[in-house]
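Both complexes below contain chain A, partnered by chain B and then by chain C.
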Partner chain A sequence: MAATAETVKELEKKQEWWWAAEKKRSRRLDYLRKAMWKKGAIGGLYPAGLQIDLERPVMQTEKAKELESSADPYVIKFAKMLAHVLDNKTIFITDRSQLVGYLGSAPNMITWDPTLAAILNHEVFNDPDSLPQPLDESLKVIRDVTNYWGGKSDLDKILPHMDLGDVMKVLSGAIGWGVPLGRGGYSGKDYEYIMTGVRAFEDIIEELDRRIDEADARSHRFDASREISDLIDKINNWEAMKITLEAGIRHARRYARLARIIAENFESDAVRREELVRVAETCERVPAKPPRTLQESLQYDLFIQLFSRNEAIEGAWPARPDFYHGPYYERDVNIRKTLTREEALDLVGEFLIRAAEVSQYKPKWAREGLQGIEGTWVWTLGGVKKDGSDACNGMTIALLQAARLVRVANPTFAFRWHPKVSDEVMRECFECIRQGLGYPSMRNDPVLVANAMHWHGHPIEEARLWVHQACMSPSPATKHGFQPMRMANATANCAKIIEYVFTSGYDHVVNLQIGAETPPVETLETYEQFFDAWVTQMKTIFTILVRPVNRARILAPKLTPRPFLSAVSERSVESGLDVLEPSISRGNAWITAFTWVENIDSLAAVKKLVFEEKKYTMAELKEALLNNWEGREEMRLDFVRNAPKWGNDDDYVDSIMLDCLKAASEFSHEIKCPSGNNWPILPENVSGNIHYANIVGALPNGRRLGDALYDGGISPGPGLDKKGPTAVLKSCSKIDHVTNGRAFLLNQRLSPTQLSGEKGYQLWKTYMKTWADLGIDHVQFNCVSDETLRSAQRDPEKYQEVIVRVAGYSAHFVDISRKTQDNIIQRTVQGL
Partner chain B sequence: MATCSECKKFFPLEEDRKRGDCVQRVIDPRQAYYQAKPVTADKDAAKCPSFEKR
Partner chain C sequence: MARISRDEYAKASGVFGLAPGGVQKQEDLEKVPEKPCGLCRHFMESAWSSDGRGSCKILKEGSDITTDPPVFVLEGKDGYMLRILTDATRCTHYERNEFIDKDGYECSDPAFRRFIRQLRDK
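For the complex of A and B:
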């Protein structure tokens, strides 16, 4: 875009990074960025102009009805439904775009999958503002679709096989954030199988044909056994995989045809005509055959992601784009020089935009929890190769630069730091942070590789190929390593652990006995007894959450299979088993521990003020909490001000953190996933600290019902870290980041003024060295001043593009609730 | 009865001219694009507001 260097410089000096980016990016990127419909819900509601797409549910329903009388097994029927959608949905190509593909029938459409859960379908009725006009017609279509899928959705199918007591407690919304469904949540991908350029869909189809022929021949010999009987299921699975791959190839070719029609009939600009022909050639090539260029590689990846999201709701996007697209970038930009760096940046920037616009209709509780974004799409950059050498490449830098140009809030990046990362790459990471993107978050690779080996027994070569499964958890993108469903549907609202110690497990917010019936808290005579009750409640909550997920995973291969994901996974192509089958997966589950640190500060307050100083009796405290501290403000402030708080390098309270983590990690080795592996905890919050504000009762750390909870997995409470950034790091370093849990989220706020210039970079680098030396696995930064954030609250129209780090993800500041905005402003700005 | 085959926006498949795509230009509040939707050549176009005689 034509802008004097001066103007850009001035804007950057004023830290108006979003306006500077607008002036720096190419005309194409500027058009495509502004053309994008932001999909993240605001306060649980979709922004004006977005609509729920009814095309897909109608297609799925008509195909399901047509297949009712067919003798096909469910997995094949399901594959045919998917193929029907890919063959018939409306497709489009946006002006100036070079990458194509979208889930919905138009850019402002949010796709709704009615096959997942009747409860989700009923929510569509309550979203009239997001329904296409005329409303009466839409409601009629929704009624027909919803009626058809009532009793037939995935959740309907699995519920009769579940422990309903557990399910009811999970669905109460008090202790968990997720629904135990195989196709609900997200899935990792076997990138080592599908993204290394060795094979693509046609190669896999060839292999499937061979396996089907062999199995067919084998199953018709003079022989009978369990193994031969099982071949029938395997053949069906392979057939279903093949149907989805063939549909994927046809779908891509529909784009190729449209691109050619536009080029030949409508486009008058010769340059654009050439681009359209290239789009056509790209979609004729991939996903049928392996990519040869950066454009083909990005398009191939995009198709795979979209097909997977046609098959399941995916609220995360595990990816390692620099690692898998890097070789193509290198070849096109540096070796063959068929692309200039600027042309490559255009493609990479557009890739981010194509991802940012993806949307799937989600239940309101999920939309409320994911304020301002569609899901936690945290893409992994950096890290090491299988042999331990540095994996950073030109594409790493291109992605970090493109992110600053397009400034989308989702996807975000997480950078796998290790000692061999070059200064050039570190500077690019820093620029993104300094420019207020809130990403990349920084991950300590050596610690996390060791952690993956410790908790799940990944061999070192596998562990080194990890990607972020969602915000935080490492999961290798390998044959046995990747996780095919959201095992973190076992996400725990941990503040309930301490709350239930005071209520003997009764939840006064949802009026249900959820926790364990531990003895009345006023009868506990020692801190040790009190802590034992805490451990019992912790084990109870974790167990209630894990059991339904385990059960759903066991039921999934038969009842809720994923033929497309299976088709792009070596373990399924090889075995003929659905990708969700636990026996072919190493198992990589974790319990996301929302609202964890409240436990630590609460235990410390009780230990000090009740058991040691005896300033208050337990009965008094219990009553104060049940009454939400009403009439006891002075007492409440005593619990806030005069009890030690986590994050100040104070061994009194830090040792309580270690006791809690020790108890949780011991229990993590006792509870097992269906693959036989462990369930470590992972303290982080997404934006559960706000979502649960009205669900968690008053707590001994002085918090009242309705107050925001702490924002990070191991971040100190906002404003409670009074001793500076090194004290925070020292507290965090007392945790063993390998054996105490799966990962630990740490939010820090830094001053943009302090980070300016070369001096700012050197300060940050020193901070990062301390962080790395202390063995902390994660840190992420907000680097936007209070002044800018307050201005954005007053004048949101003017500050539409300001991005902040919420928890494990970034969002546009204006798209998050006032409560979350205030919570971010309250966080301590650390002077380095 | 007018059918899609008589419409400017109908683009038949080479391998089966009875089927094809209805290709239309769309301009929404944010972006402009071309969309394609599969249709059959003999689809009734009488009620289609976008019908344009070839």
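For the complex of A and C:
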């Protein structure tokens, strides 16, 4: 425990920010923070105490069986199954809370959706630690549920319609992760439709009724055409949407009733009784009607997020909370003064906690790739309004301050920097970074608005309304711009590109021919031929990953519809088409490029040591790599030490980065999503660099099988950027951050000592000015000393609350594997 | 590259537990043989998942260790796909692995991690 006698000042001086936060936050926030169950996996397994919730799968299975012989089309059956869960799942209200709603039946429960994939269900069965006791009873339930959904799950339905070769390669897990599913990935929301206070569920239901009546009348005229036939599908979709919205309203009112029951029968404290009545009134109001207060607005948002996660596994949480809740904050705190700043901070802090505890059972690859967190809840702050003016407001500051008080690792923030951001807001961002949260990551708004227009043709007014679709990729939260589902399997393990050049596409880890059968590498006579082989492998891998996503998006409206997400999306309510229908979406696809920079350093090493200096033959190198450098340590070190490395402002290797990005971006314009738009690449990693460590073979940059890969994006290899922070920025600035790709992640470690005091802020501000002037789109910081991190490794119990930036997200240091911890410590600490 | 035939896929997907007709029942997945492939040093877990899929580093496609006599194909390209709980009693290439990671919390070590409940005490 903390040395409780120490003052906040003393703790802050020692940079023990977590203990200081504990003393600074309100009693309510302190209680709620400590009552929260962390859901992120430790390494690859869920921590002790978390359990898989069997209530929901049983309900889904019962309802599915009941509906088997009904006359309903699938979309309505699915909506009824969702409604059944919302009407019957166990609900609870946490003591002292003002916001309600959780996916599971108890706070330590992780929900499992058995309708998605038989292979996921097998994982549940196999899970060594998270099954509720008594084990025999749990296993019986899991067995029954899994047996029912075998062959009926979304993935079972969709895979037979795919190119089967692609399926086998994707499911090997070697070149990408995830599966192409309409109900598993990153779901954006049409916030401009649903979160602007203009409408809520009852308004939409009214519109749906009107559209159903009109379509019904039209479809019964003396007429027969394709249009009339399509109206039947549309009516079904509208009815399904309506079922989910009505269920959402009923679900909220269950909470209202529960709050009143507790207030009237069980609560003796008068203040808490009043709070519970307010909770009840809030849940009677939203989501049925538009919110009027900050509490209603936050509750409304939370309900929408939870309903959507009852419908699908959502691995991300695209959001812009300051922009959409800001007007309510302003009204309550500054205009009507119905809330003090402290009271508002309590609500905002609780909103972060409610989001942090959301959890859905995910396969082990996802847990390893997102160690310590539940998903990439990267919330967007700052930025500009539709007209280009500064969008920051009181809520922006409240969120940044609340984050420092509750110190959850998830959600994290990404801040849209632009030249009009005030110094006050920049100082708040800096405080979060200095206090070791690892967030907000900083995004260069003018560059990214231009990027959204360049790659996907978003009009400027929509591009300005972008949110992070996952860790990094911008997507406008608008009618045609928002992305209903980004399927994670367009995530390339790019180190395989260079590996496959040496194996002619054969994967020695999963024992499959996956890449292109390029000529044996020892027969390549020039660097140009070698690079051509690299381009061929790159195109092959990207194609294998993208094709199933395209196919799944085309099949999804029929096979895996999303009636709730459709119901809160203007384009679906208007058209009667499922939200996943590509023809009503502008398209915002991207290929996440994990383990990208290994290619650059490897190509540079081969170019210099094999083709130019001729120190080694290609045959020698191939043999060394196939044998994992065994017996060739001296040669390996030559490839590590004597080949140029990215991130040192060295044109030799930086030009190779540009060549690779040019080839990839040209190809990005050739491959199209079903909406007809481009597939740009986006280099970043999350903790995929650790997940893939034993899946990627030895590489010419000197890496051995099993070594952690680089931490990702365009970040230099750990310890390989030897020429200081400006050299890193200069290397990164050679990339065109608008046309070379969708976004580029850059990790930097800064010294906490150097960032202390006003001088620290000024240093950081100067660094940020250079970063902005150079047109780099992203940077994120770790600001925790080696000493603290090593102490946390030695004594994890004492350092439970230390947070680090992994890559694209933050996590509590103790929740990530030793290998990931070491990888973060190895990153170069840059002196500014 | 030629497209994969539906027969080939059916065979592979049976192992993967994917195809509607080939979904393995959980009862089968609960039977832990004396020599499960998951404990063999030549078993490579699928990199994607921990639902029990994997391939053999020695045996190639066309092998079948479940028949009597077993079929061992050592030449060829793609590996023989199987599952953690495939019975390797008849496999003469079987070599029991020594596990390093005992608790399963460390990740990215497919050859050594213990992820399935059924093998926990083995």
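By definition in this document, the second predicted complex is superposed on the first by the 823 of 832 C-alpha atoms of A that agree within 3 Å, B and C clash if a C-alpha of one lies under 4 Å from a C-alpha of the other, contacts with A are read in each partner's own complex, and residues count from 1 in each chain.
Rule of thumb we're sticking to: contacts are C-beta pairs under 8 Å (C-beta built on N, C-alpha and C of every residue); 3 or more make two chains touch, one makes a residue touch a chain.
Everything numeric in this text was worked out from a predicted model, so none of it was measured.
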Check the contacts made with chain A and report whether chain B or chain C touches more of its residues. C
Which superposed partner A:150 touches (first chain B, second chain C, both, neither): second
Partner chain(s) touched by A:87 [first = chain B, second = chain C, both, neither]: first
Partner chain in contact with A:513 - chain B first, chain C second, else both or neither: second
Would you sort A:19 into first (chain B), second (chain C), both or neither based on which partner it touches? neither
Thinking of the overlay built on chain A, is A:611 touched by chain B (first), by chain C (second), by both, or by neither? neither
Please indicate which partner A:761 is in contact with in the superposed arrangement: first for chain B, second for chain C, both, or neither. neither
Applying the document's definition of touch, where does A:74 land relative to chain B and chain C: first, second, both, or neither? neither
Using the superposition on chain A as set up above, list the residues of chain A that contact both chain B and chain C. none
What residues of chain A sit close enough to touch chain C in their complex? 42-45, 118-120, 122-123, 125-129, 131, 139, 142-143, 146-147, 150-152, 155-156, 159-160, 163-165, 167-168, 170-174, 177, 363-365, 367-368, 371, 506, 509-513, 516-517, 690-695, 706, 817-819
Contact set on chain B toward chain A in their complex: 11, 21, 23, 25-26, 28-38
Chain A - residues contacting chain B, complex: 31, 34-37, 49, 87-88, 90-95, 105-108, 254, 257-258, 261-262, 265-266
How about chain C: which of its residues touch chain A in the complex? 1, 3-6, 8-9, 12-13, 16-21, 23-27, 29-30, 44, 46-53, 55-57, 77-79, 104-111, 113-118, 120
